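What follows is a short report on a single structure.
Per-chain numbering from 1; labels A, B and C assigned in written order.
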């Protein structure tokens, strides 16, 4: 394993927990996934523990993710080198492996229905710094979600989610409505969070929310008060409180019985500088046992986020075409802009030699 | 908008009218197309006017071509910025747009059934410098055509069209015949035009011309006099007078009643240094009301130009493999060679600081 | 034709015979194939002779492989330049070709059912240095084979073939068995050959060998002695003697009547630094007239080598991701390592100016 300074050109902090995958993705077989530009392999090892290793067999460089799991070890599919979750080589046919160097391992935690990985310095990894996600643990909530691979910088998705004005245009047939455009946004930032909120009182619910109202046992043909409160937190999480209440009952603060509210869950995990894994979903506090509703919402979100996908990938290609072009910065962009400032600050802190003089980075391996 | 010197490495002049699209391509929706390595969006705006703008929303860099037209403005499909044909921002939800910088617009003219764009300095654009195309305006002529995207330098297509020797090999089953090889070519150049001509007297008409003779109400089984007169003009137009007359009646100068003659129309529009948009067609002065014949000719040309396409794309890849290789320059290559000289001269004039001290070029945007 | 020093960065010797194609590939039409990073065209010319030329028409740079063969010459499909096997331009419509420069030609030999090409200095080419392949000429042998294009450095395939430990993992359902892992390998090298051998006495025959035993008229349900003797020779040939004999009859040295033995034939021909053409097959000395068995074996090998293909291509991508990573070198890797030493020595000898002061290399053409 090599020590190296973090690559200052990579637009993400590495000393942070990112969502790597969902547990079903490593059910019975290893999973290869590039995260923060590092090829990783995830697998379920001894006693249910999870291993997160560099996806590179130290023997001949084959991807370990092409192998299989046997007796809690990850076995390389080329010549049989078997590794433990820790990265230690457990055995290899015909070889004494005591002197084999360990495979680089990454700190990994399974929580909230996700597998989280720490791509940076293992000494700094602390599961206590994971976010607290009440909706993932409380029986008062239901959750459904999915994953997309998107060929754009993960920060373009943060911009997207921190400015929902685009719903009017990109999602005109589902959640968009002209009142979004018309309602002003308010953005505020704390040390840990950037919050952009928009309140639309006395509007007609668009189709997605009509479905949600019916799911909550409420009429879908009445005027409602609607809200969107987008919360960014490090490294790339956006939780959006969204909902509608029958008009005049208090809006966001209305009693549960007259509203349908939920949290749009968004975890962005950088793959490369121009692509990311997007874990999305919706957590709701109504009709939590209605699994058919969970499926309907998931299908609705899948369609909605597919619409974002094309726009974001084309935007990325356009930005690559005009690398030096200065963009407009409007009031509606404040949420994304403040979030990026928080990210930039974290990257700067990591790359400061005084803050963390020596860090581990596989992509800067010493040459033989 | 930024001022910059033209990129001397680009193998085309920018102060010229290029065919951008046909009007049907912007019927009801915007069209994104890269021309002279600049992403452009074309749309039908107020009162039937056409807008040609940089395909880059100044707000967040989304391609404007993913948007839609509303009230004669082009509306960005991401957050709703709406632009006029002039590039001026007309409105945006929740924004005062008075101070917004205009989007770069390109001079554009609709004429002869095509939309023409001027990628260079708008101050130099003059619709009077468009070519005069009699066949496009006179009721004595009929026209049919199409478009290909071809992954080669547009100048390889000019070479191709200015030396029809290749018809014997590439188009053996339609318009090729051995007499093409055997007849000498003559090339001459004026200030505005390069002309390569070949006369083949007393030959059998190949299949394509048999079809044309039948279309013109003439026998298809007799000996004919055949001609090909290729005319290159700036920036990348090749009009080829082609035809056959019953033998001994005067050939090119024979009376209309004993000949089938037409103009092969070719407009090449550079996309990148190694790709172009190829607008092709045929204008004819016989059986002009026979739309079935127009369709047959279009289908025949489509097949013929498809044959060129593979050869040209493979030639391009070969040339990229051997960047420094000197090619032969034969008498049959004179038409292409003279045309390239005319192009090179125009490029040199543009990049000369004395001639045009300051020019606009979006690809050299100043960094923020 | 230009003289130039060999490119020291290319990981292969050029003064060597490589398999270019099989004769059926040039049956009636030319074949374009990149070998040692040089585009070549192969065709059957006058009196059955074979031509191997640079796949680049000196006229306009079109690939000659898009043309056709006429009267023993290769005719360019663009404008009709016709070349002889020697590279001399034979004729071109309307041209006097006496002064045309010859097209670069490569020494080529047809032998053993393959076409062999010498990408380097023609003055050093000697058909006598071709390997002697008894199985290709003797009626006591039968042969069947095929070809793959594989997107990896040809040396990764040499590693693969010189260490059959991978059969246990990559080919578990056909030729793999755990005893391969358990049996030690022995590697030895001479001036001309690297040999890695493994003997497995008293084992159950895996499915592929059960089929072979039945083909040889032997029982498939008995214990056998199995052997694998891998022989690397320059530039990139690996012949593997493989077989099984009924147990206790002498193994490799047992009488023909109680064994099924064959030679796995592998010729690797570099295409680029990260891809190669892989010619594979099996020569056997039993049931040589049984063409159905030849087909079965070919189908079995096709499936087996397809399994290698994915692993090798993914290994290649991983190695490109970690260019400076040092790999482990175990006892099982000795065969590949010694083979690479032999290759490196040959490359060093070629690039030494004293050894061969001037060499021909098309990719270093002088600029015009």
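Here, a contact is a pair of C-beta atoms (placed from the backbone, for glycine too) under 8 Å apart; a residue touches a chain by one contact, two chains touch by 3 or more.
Keep in mind it's a predicted model, so treat the numbers as computed, not measured.
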Angle of the C-alpha superposing rotation, chain B to chain C, to the nearest 5 degrees: 120
Numbering shared by both copies at the chain B-chain A contact, with half separating same from different: different
Distance from chain B to chain A - Cα centre to Cα centre, in angstrom: 47
Sequence positions of chain C contacting 2 or more other chains: none
Interface residues, chain C side, partner chain B - complex: 39, 55-56, 58-63, 66-67, 75-80, 93-95, 100, 362-363, 365-368
For the chain B and chain C complex, residues of the former touching the latter: 159, 163, 165-166, 168-170, 178, 181-182, 184, 310-311, 314-315, 318-319, 321-328, 330-333
